[in-house]
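Have a look at the structure below, then the notes.
Order of writing sets the labels: A, B, C and D. Residues in every chain begin at 1.
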Amino acid sequence: MIKVGIIGSTGYAGQELVRLLQPRKDVEIVWFGSHSYVGQKYSDIYGNMFKIVEADCLDDNLDELADQVDVIFTATPQGYLAGVISEEILSKTKVIDISADFRLKDVNVYEEWYKIEHKAPQLIDEAIYGLCEINREAIRGGKPVGNGEVSDVRLIANPGCYTTTSILSLYPLVKQGMIDPTTIIVDAKSGTSGAGRGAKVPNLYCEVNESIKPYAVATHRHTPEIEEQLGYARFALVNGNDRTNSAVSDEFAENNNPGGDPITINFTPHLVPMNRGILSTCYATLLPGFTAEDVAEAFKTEYGNEYFIRLLGEGRFPETRWVEGSNFVDIGFTVDKRTNRVIVVGALDNVVKGAAGQAVQNMNLLFGLEETEGLTMPPLFP
Amino acid sequence: MIKVGIIGSTGYAGQELVRLLQPRKDVEIVWFGSHSYVGQKYSDIYGNMFKIVEADCLDDNLDELADQVDVIFTATPQGYLAGVISEEILSKTKVIDISADFRLKDVNVYEEWYKIEHKAPQLIDEAIYGLCEINREAIRGGKPVGNGEVSDVRLIANPGCYTTTSILSLYPLVKQGMIDPTTIIVDAKSGTSGAGRGAKVPNLYCEVNESIKPYAVATHRHTPEIEEQLGYARFALVNGNDRTNSAVSDEFAENNNPGGDPITINFTPHLVPMNRGILSTCYATLLPGFTAEDVAEAFKTEYGNEYFIRLLGEGRFPETRWVEGSNFVDIGFTVDKRTNRVIVVGALDNVVKGAAGQAVQNMNLLFGLEETEGLTMPPLFP
Amino acid sequence: MIKVGIIGSTGYAGQELVRLLQPRKDVEIVWFGSHSYVGQKYSDIYGNMFKIVEADCLDDNLDELADQVDVIFTATPQGYLAGVISEEILSKTKVIDISADFRLKDVNVYEEWYKIEHKAPQLIDEAIYGLCEINREAIRGGKPVGNGEVSDVRLIANPGCYTTTSILSLYPLVKQGMIDPTTIIVDAKSGTSGAGRGAKVPNLYCEVNESIKPYAVATHRHTPEIEEQLGYARFALVNGNDRTNSAVSDEFAENNNPGGDPITINFTPHLVPMNRGILSTCYATLLPGFTAEDVAEAFKTEYGNEYFIRLLGEGRFPETRWVEGSNFVDIGFTVDKRTNRVIVVGALDNVVKGAAGQAVQNMNLLFGLEETEGLTMPPLFP
Amino acid sequence: MIKVGIIGSTGYAGQELVRLLQPRKDVEIVWFGSHSYVGQKYSDIYGNMFKIVEADCLDDNLDELADQVDVIFTATPQGYLAGVISEEILSKTKVIDISADFRLKDVNVYEEWYKIEHKAPQLIDEAIYGLCEINREAIRGGKPVGNGEVSDVRLIANPGCYTTTSILSLYPLVKQGMIDPTTIIVDAKSGTSGAGRGAKVPNLYCEVNESIKPYAVATHRHTPEIEEQLGYARFALVNGNDRTNSAVSDEFAENNNPGGDPITINFTPHLVPMNRGILSTCYATLLPGFTAEDVAEAFKTEYGNEYFIRLLGEGRFPETRWVEGSNFVDIGFTVDKRTNRVIVVGALDNVVKGAAGQAVQNMNLLFGLEETEGLTMPPLFP
């Protein structure tokens, strides 16, 4: 039985962790942490959990929590975890952080884009970027997947929702050198749950409904995360080896150049009137000599065995309705011969594969379980 | 391993059966029946099933299907099943009918409200009305629940979505004689999946979105179904015994008065711009001497042990978002002392407890499995 | 040129006043009052008004405003206007109050349902209940409609959104004695703009979307307003005369029984995931001898000449999409012979006829303009 | 009084023409043409027009219609108008075509993208591309705007919804040579009314709701229309003169190279769960030496005096909610110094400025009226 604590369990991502973990027989949630609802019944905050979760919300005392659980999920505002985490906590329990605190290896880049001081830079190196399909081996600490052994990794930086969609859509083409990395544009669209459960006028029903808008154009915080990870893939390619993103990342860190050699892209997020779902439409110029068949092959090579990545192939595109409630990422593409660009479109459920589902996938990997445990429900439609 | 065939698997209810049954290790779907998509890949019709269901759609040949499966689910238009069902089919396999063909015991009432001739009236008596919380014993054919023995019942009339919500909301108060049955009004609201997947202008996105409308006012076909079932409960009360609805139904049938002694109500359905969910707001005059405490007690008496019915108590009301994707029915109520009326509000997911989920619950009961098997997922929110 | 000030211009109803009044050549808005956005550009709060309204938001100083304008609209929280209004203000300018402060004639009823002390009870008698179709004569102070003469009426209590829909749907049948007033039930459904623009978690997009819920069951504040107005109609009927609601109201007030003789009803509001629109489904028992033809006739008698009331007749029902953006009220009905109940359904746009549009209609009446001036735009669909 | 006939008045664009033209005192709609609803009351098809439009739907006989009206609007499927139009019709009346039949100057390009034979290629040259802000002078046939004189132009090709948004967003930067035309990418998002009122499964409420999808990626028919118009602007720039798009177009035609010198772009449309609205997010590489200030200046130069184009400036972006129901186009932009790209975002209401509103604007221009006549209503929000 894996004992779990959730800090930030009353946000949308935290609640999704509850939805995914509560039914499991091998997991027990012992701590429903909350900043705003301490002492209230959890099911008064989320009526779907009525008669399912009987617990009250507890506070967000990580020190106390660390004594009681095998793993802590933090679905907290940026900067929170870095402010409270400690070597002592990590010596007692694992932490899977759904916030952005440990995703970027270069603390300067973090502070520049997030406009806050990083309070635990000494732990950034240790954190593994938990994009399972790409860094699986590192997450397992080199141990075989699903063999029951617990990984030595203590701190997982669970990727962002936009970033998971965007990186997975572009990674094979960067990794295999098929696109010009200076031409990458990601035009992304997200459901409103990505904006969180805070009471703000722009997120009111009447403000979001019947409208689409771009926001944080050219300034969104997920940009450097995409750039860094694609940069690792590019570096491995250019340097003629087959290192994983995690290995490249370590190498840069050892050379005192953490997060080094990123690719510069344009990333434009949009808010869409729907609850869940992210769609990333990615554009890049195909390098000379490559064809649609090559692109299809690249995706198969990188993802052919991935359970959670569904390759739609050429000329068929994902729709967010087909992944809702699931941990799947659907990817399709086309090559426009008129402009010589490849257009890759990826879609996922931002609350599942973009947050809680991927966090559970990371937990499964850390604890040597089947990677798909508790995550095989088909998408809910309509 | 229970072998399952689904006729009408490409409608919304049929697809939900696939969603609920596909992940189960004790069930195998061997026949994805369809009227319109024979020969096409099922996952081309429902993209959420991509890489999950590999099968092609088959036709709707019940005779052939009956040889291959333990149970057939029919999610078909009204009149279809009655036109093709036979003693031979029922001798080989069980049938759980999600259409309305065998819900009403009085064939004249059926033909009057549905405006079609009933082609298999000889089987109406045999069919058990599959509202599990009320007719559980009859569905089991008297055998204990969950003991692994297969019930002798061959034909289940799975209740309608509006009717499940409405009957469950009112049954305890009728059964225990707390309300004046001549004063019952049910004002119901449904998500749009209830209208099916047919290509009709009134169901287009732009026609449904940003609007609410009543329809079939005073003429909706679910009306007599509610009236019949509440009538049974009333009859048992008035006649001073504790017979179940099913037993009363049998008694009427034996006396050549099938469906007898219904209660007459007003039922008004409305179409709401959302995918899933039904909310029934029920009004009735409380009989002298009864209080809110009595009402609460009546619900506890009838449903206190029911897993799928969540009693919210007095002054707390259900919302469809809290049941989405689940088999739960949430019920709350208040007593208005100014008017002496009790207002009971019930909510469920029309595609789950209102169709496919309840059908699976019936299957579980028929085959002696745990009643909740495969149906314990928490509701999906947001 | 009518000079107008709007207090609460940054709420949804206030903004709708701007939308309706800004294009008019006979009206000038000289004061965009706001509580929260003083000093900010109005078009920064409402981007639709960019390049249309150049003004900044001013504060809510009614005393200063009264010197500058011919009429003040108050779209403010309950209790606000009663707290600041004065004889001096009314001596200088007219006030059309979109809040509830002067709608109920009995101050005790107001304080009981609104849970606040009424700070200006001395002005309640003077206020005219601005349901134009019923109290037109009183609003005009006896002067002919549209003759250019300004009415002497100084204070209009603009009716609520639920109440306008519900009263207009039932008034002819009460007025003409066709229904049993003790059997009235109003089941109402509203779009989310009715909840206002306040930043509250329950009104967030993800909380409202894909759900329907009842709220304030048996306790909603619009209940006594409906009861009072229907009571006046009933009183006039019972007492064998043909007095208007306003005249009956005055008579009660003179007899020290303000708001007297209300009808007691059940009123249940529901929140629907759409921006605009209210639908009231009203139930009542038809008195012996009356038929559907009589009901149709009653509606024609009372509303046959009303521009803004569109009678759909028997068996045809309104949908909120058909009134969006307009000042129309659509009304249809049926008589259920099985239960002897009449079901009347009314629909309107809560922001227009339910708030700002009716306020403008009142303004037109007060100033002797054509009643429909600036309000004849067809509904916007889709 | 301008007499108007509408062919295709029962589609969404046709109905919007009715909404815009019916209230006008200088316009009379004498023909409500329809393919599917001949003989039915128009207000039975569109309930919003109940008591507003009393007419029945007529057929689509253009020859007969031409005798009766001053202008015919055709909101018809592609290829229809080209199949029935004739010199005789144009000798009697003007035609404003909302379909695509006369938008592309090169008949081969038309036939390639639309996959149909063009039945009236001899009229393509004569048609004026009715993007008013760019071709105003040509639409007026050289006469002053608003002087009451009727233009000699007989046939207007009203631009598409995606194209209007996209061309207007990019035109100033192409025209003034600030961007590299080979780098243009337009990622567009549309509300569902753009898909029309045809009864198709993919447009059902439950299929569109809660999802976003790309479609017609790299193959959408609006692509060559954008390319042709931007090509004209580019040609004028490169050739060192200041010709309008229309003049360049004529010049190409005279040189037997109709539609010549287009710019090649990527255009990706997406379907968004909302009724109305288009948002185009446009990317291009800024040429060396140009800054955000230059970009702002270019927009002011081209559009500074345009009533319907609202320039939001740098760092402020449009949202479709702010233009709903209006004829406005809102445009904002930013320059990303990291990538040296300019990102321009344009938004409009696809049914108004993207179809019926622009058609009315063209009508106003043709007949020498004020260009904004009947089109100055503020956007409807929420």
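In the analysis below, contacts are C-beta pairs under 8 Å (C-beta built on N, C-alpha and C of every residue); 3 or more make two chains touch, one makes a residue touch a chain.
Because the structure is predicted, anything quoted here is derived from the model rather than measured.
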item	value
Chain C and chain A - chains in contact with each	B, D
Contact-richer chain pair (by C-beta pairs counted) among B-C and C-D	B-C
Centroid spacing, where centroids are CA-atom means, of chain C and chain D in whole angstrom	39
Multi-partner residues of chain D (each touching 2 or more other chains)	12, 193, 206-207, 209-210, 273-276, 319, 321-322, 324, 382
Chain B residues within the chain D interface of the complex	12, 192-193, 197, 199-201, 203-210, 273-275
Chain C-facing residues of chain D, complex	12, 15, 18-19, 22-23, 46-52, 193, 210, 275-276, 310, 312, 319, 321-326, 330, 351, 376-382
Residues of chain A touching chain D in the complex	185, 187, 189, 191, 206-207, 209-215, 217-218, 264-266, 268, 270, 272-277, 279, 281, 283, 317-322, 324, 334, 336, 338-339, 341, 343, 345, 382
